[in-house]
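In the two complexes that follow, subunit A is the common piece, with subunit B as its partner first and subunit C second.
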Partner chain A sequence: MYKHRNSQGSGSFSWVFQRITGLILVVIMIGHYILMHYTPESGHTYDAVLARMQSNWYRVLDLTFIVLGMYHGLNGVWGIFRDYKLKSWQTITIISILIILGLAFTLWGIKTILDIPYVQTSSGLLVK
Partner chain B sequence: MQVTFKILRFNPETDNEPHFEEYRFEGHENMTVLDCLHKIKWEHDGSLAFRRSCAHGVCGSDGMRINGRNHLACSTLLKDLNTKKTIVIEPLPALPIVKDLILDMTDFYEKYKAVKPYLINNTPVTEDSERLQSNENAEKLFESAKCILCACCTTSCPSTWSNNNYIGPAALLKAYRFVFDTRDEAADERLDIIDTPDGIWRCHTIFNCIESCPKEINITWHISQLKKELSNREL
Partner chain C sequence: MSEFKKFDQKNWVKTNLSYRKDSGSWAWILHRITGIALITYLFMHIYSLSPLSQGREAFNNFMKTYSTPFFMVMEWFLFAFVLFHSLNGVRIVLVDWADGARYHKALYRYSIVIGVLMFLAMGYVMFSHEIHKLFS
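This part shows the complex of A and B:
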C-alpha cells in the first residue's frame, strides 16, 4: 500500500545532488584514468606522488574526488537499499553504518592528503 | 498452423501454487492472443479465467505477460510471436492472483487514487466563461492522457518488484496529466503526494515501463518532468 504522507522532507535534494556529483565525477574520473592508468610516465612511486602533491590544485582536486566520490557512492548505496521494503530498525541500522563509514573514510582520505609534506625547493627539486 | 500455449493456471479453491498447463490448437497468424485464449476457453477448457472487455486495446483489462513481456492480449498478433515455439502466458507480476490470469488490482487502483486523478479547481467560473485550455497545454498533456490503466507498466517496473509499495509509473503518469494542466489548482498537493520514499524517487529510469506500454507512451519522460518540477520547487 502506498503511503503518501511524507515525514522525511523532499527526496529531490538527494536526486539533484546525485546527478551534479555524477557530472563532476565524470570529469574528474576521466582525468584520473588518463593520468593514473594510461600515462605510465606519470609514475606511481613515492617520489612521483610526492611531486604531484606539491601542487595545491592537485590536492584540491583529490580532496574534491574523495568527498564527492564518497557522497555519491554512499548516497547511491543508500538509494539501492531504499528500493526494498525496510523495517524502521533496518533503515536506522543501514543509514547509521553508511554515515559512520562515510565519515570515517572521508576524514581518513582528507587526512592522508593533508599529511603529505610540502618538500619542494624554489628550484623545483625534491629534497628528501 | 499448430500453436502451443502454456498458461499459468491457479485455482484458489484447489491449488496451493500456480502451475503451467499446455494447450495445442489450430491457429492463424492474424489471430490475437486474446482470440487464442477465447478458443482455449470455448473449445478446450471452460474453466480458464481471464479479463477482457473491448478486445481492441481500449479498456485496458487484458494486460498479461506474453512470452515474458507485459502487453495486451488483444493487441498482440500471433504473427508477431514465434509460433514455432511454445507461447507462454502468465498474469502480470507483482499483484496477487485471484484466479488464473485475473489479478486483484486493488493496490494498483489505490495508488492511482492517491494522486487525485481528477481536475481540482475551486475558483468559481464566472458567468459566460469557461475554463479554457490553450492548444499548447492540451498538446503537453495529450500523450499522458492516452493511458488506459492496463497496469502493464507498473508491474513491469523492477522498482515495483523489489518494493510493491512503490507508487509506480501509471500513477506518476496520471500525476503529470494534472500537475501540468493549467486549469488545475492542486499541482502542489499532488507533488507533495509523490515526493516520498515510496514515491517518484524509486524510479531509476530503467525504461521497462515504456517497453511494456501498449499505448507507446514515453512514461519515463513524463516522470522526469515531474522530477524536474519537484527539484525546481524545492531548490
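This part shows the complex of A and C:
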C-alpha cells in the first residue's frame, strides 16, 4: 500500500526558518549598521558600548542578533554543502564542525555581551 | 539538432562557468559568495569584539586599528555585501511566497537600484563627519 510521506525530516522547517530569520536579520542588520556608524564613536569606543549595554533591550537585541545570525549563516553554509553528493562520513564531519564552531563562537559572543558591567547609578549617570 | 554537451565532472567549475547566465543565475552565485563572506565576517566580528571583556583601555586600543580610514572603507564595502544578500534575500522570499517567479527579473533590477542608493546613503552616514570637516 502506498505510504503517505509527510514533510518531517525533509528539511522544510529549516527552509521556512531560513526565510523568517533572514527577514528579521535584514531589519536588525540595517539598524545595526546605521547605529554603529552614526558617529565615529558610536561603534568604536568602549564608553558608547557601555552606555548602550545599560539597557537590557540592547542586550537582548544583540543576543538575538548573534544567535539568529549564526543559525542563518551556518544553515546557509550547510545548504551549500548539501548541493553536492556527500558520503555519510562527510555529512557527519561537516555538520559536527559547523555545530561545534557555531556553538563555540555563539557562546563566546554571548559571554562578551553579558560580561559588560552595569554601571548606571539611580540618577542615570555613568560611573567612570 | 544541436550538439548535446556532456557534463564534464572533472572540470565542473569550468563547465558551470560556461553556461549562459541570466539575472537569476548571477543572483544565485552572488548570494552564495556574499553569504560565505558574511558568516566569515561574523566569526571575525565575535573574535574582534571579545576585548570588550578586558575593559575600556584594552578595547579602545584594540579598536584604534579599526577606526583607520582603510578599515572604514572596508566596512563600507562590507555593507555592499550586506545589501546584496539582504535585498536578494527579500527577492527570494517574494519568489517563494508572493508569486515572485512572475516578476523576479524586475525584482533583481529594483534590488540593484535600491542597493546602489542605500550604499551611497550609508557612505554619507559613515563619512559625513569627514565630509563636513572638508567643507568647514
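To be clear about the criterion, the second predicted complex is superposed on the first by the 116 of 128 C-alpha atoms of A that agree within 3 Å, B and C clash if a C-alpha of one lies under 4 Å from a C-alpha of the other, contacts with A are read in each partner's own complex, and residues count from 1 in each chain.
Note that contacts are C-beta pairs under 8 Å (C-beta built on N, C-alpha and C of every residue); 3 or more make two chains touch, one makes a residue touch a chain.
Since this is a predicted model, take the numbers as computed values, not measurements.
Asker: On the A-aligned overlay, A:I94 touches which partner chain: subunit B = first, subunit C = second, or both, or neither?
Answerer: The answer is neither, since A:I94 touches no partner chain.
Asker: Is A:K85 in contact with subunit B, with subunit C, with both, or with neither (first, second, both, neither)?
Answerer: First partner only.
Asker: Which chain, subunit B or subunit C, ends up touching more residues of subunit A in the combined arrangement?
Answerer: Partner with more touched residues of subunit A: C.
Asker: Please work out whether A:I24 is in contact with subunit B alone, subunit C alone, both, or neither, and reply first, second, both or neither.
Answerer: Neither partner.
Asker: Identify the partner contact of A:F13: answer first if only subunit B is touched, second if only subunit C is, both if each is, neither if none is.
Answerer: The first partner, subunit B, only.
Asker: Between subunit B and subunit C, whom does A:G109 touch in the aligned arrangement: first, second, both, or neither?
Answerer: second
Asker: Figure out whether A:V119 sits in contact with subunit B (first) or subunit C (second), or with both, or with neither.
Answerer: A:V119 sits against neither subunit B nor subunit C.
Asker: Show which residues of subunit A both subunit B and subunit C reach, each in its own complex.
Answerer: none
Asker: Quick check on the complex: what are the subunit B residues that touch subunit A?
Answerer: The contact residues of subunit B facing subunit A are 107, 110-111, 114, 159, 162-167, 171, 192-202, 204, 227, 230-231, 233-235.
Asker: For a test of understanding, state which residues of subunit A touch subunit C in their complex under the given definition.
Answerer: Against subunit C, the touching part of subunit A is residues 19, 22-23, 25-26, 29-30, 33-34, 37-40, 44-47, 49-50, 66, 69-70, 73-74, 76-77, 80, 101, 105, 108-109, 111-113, 115-116.
Asker: Residue numbers of subunit C touching subunit A in their complex, please.
Answerer: Of all residues in subunit C, those touching subunit A are 32, 35-36, 38-39, 42-43, 46-47, 49-50, 52-53, 55-56, 59-60, 63, 66-67, 75, 79, 82, 86, 89-90, 92-93, 96-97, 122, 125-126, 129.
Asker: State the interface residues of subunit A toward subunit B in the complex, per the touch definition above.
Answerer: Where subunit A meets subunit B, its residues are 1-6, 8, 10-16, 79, 82-85.
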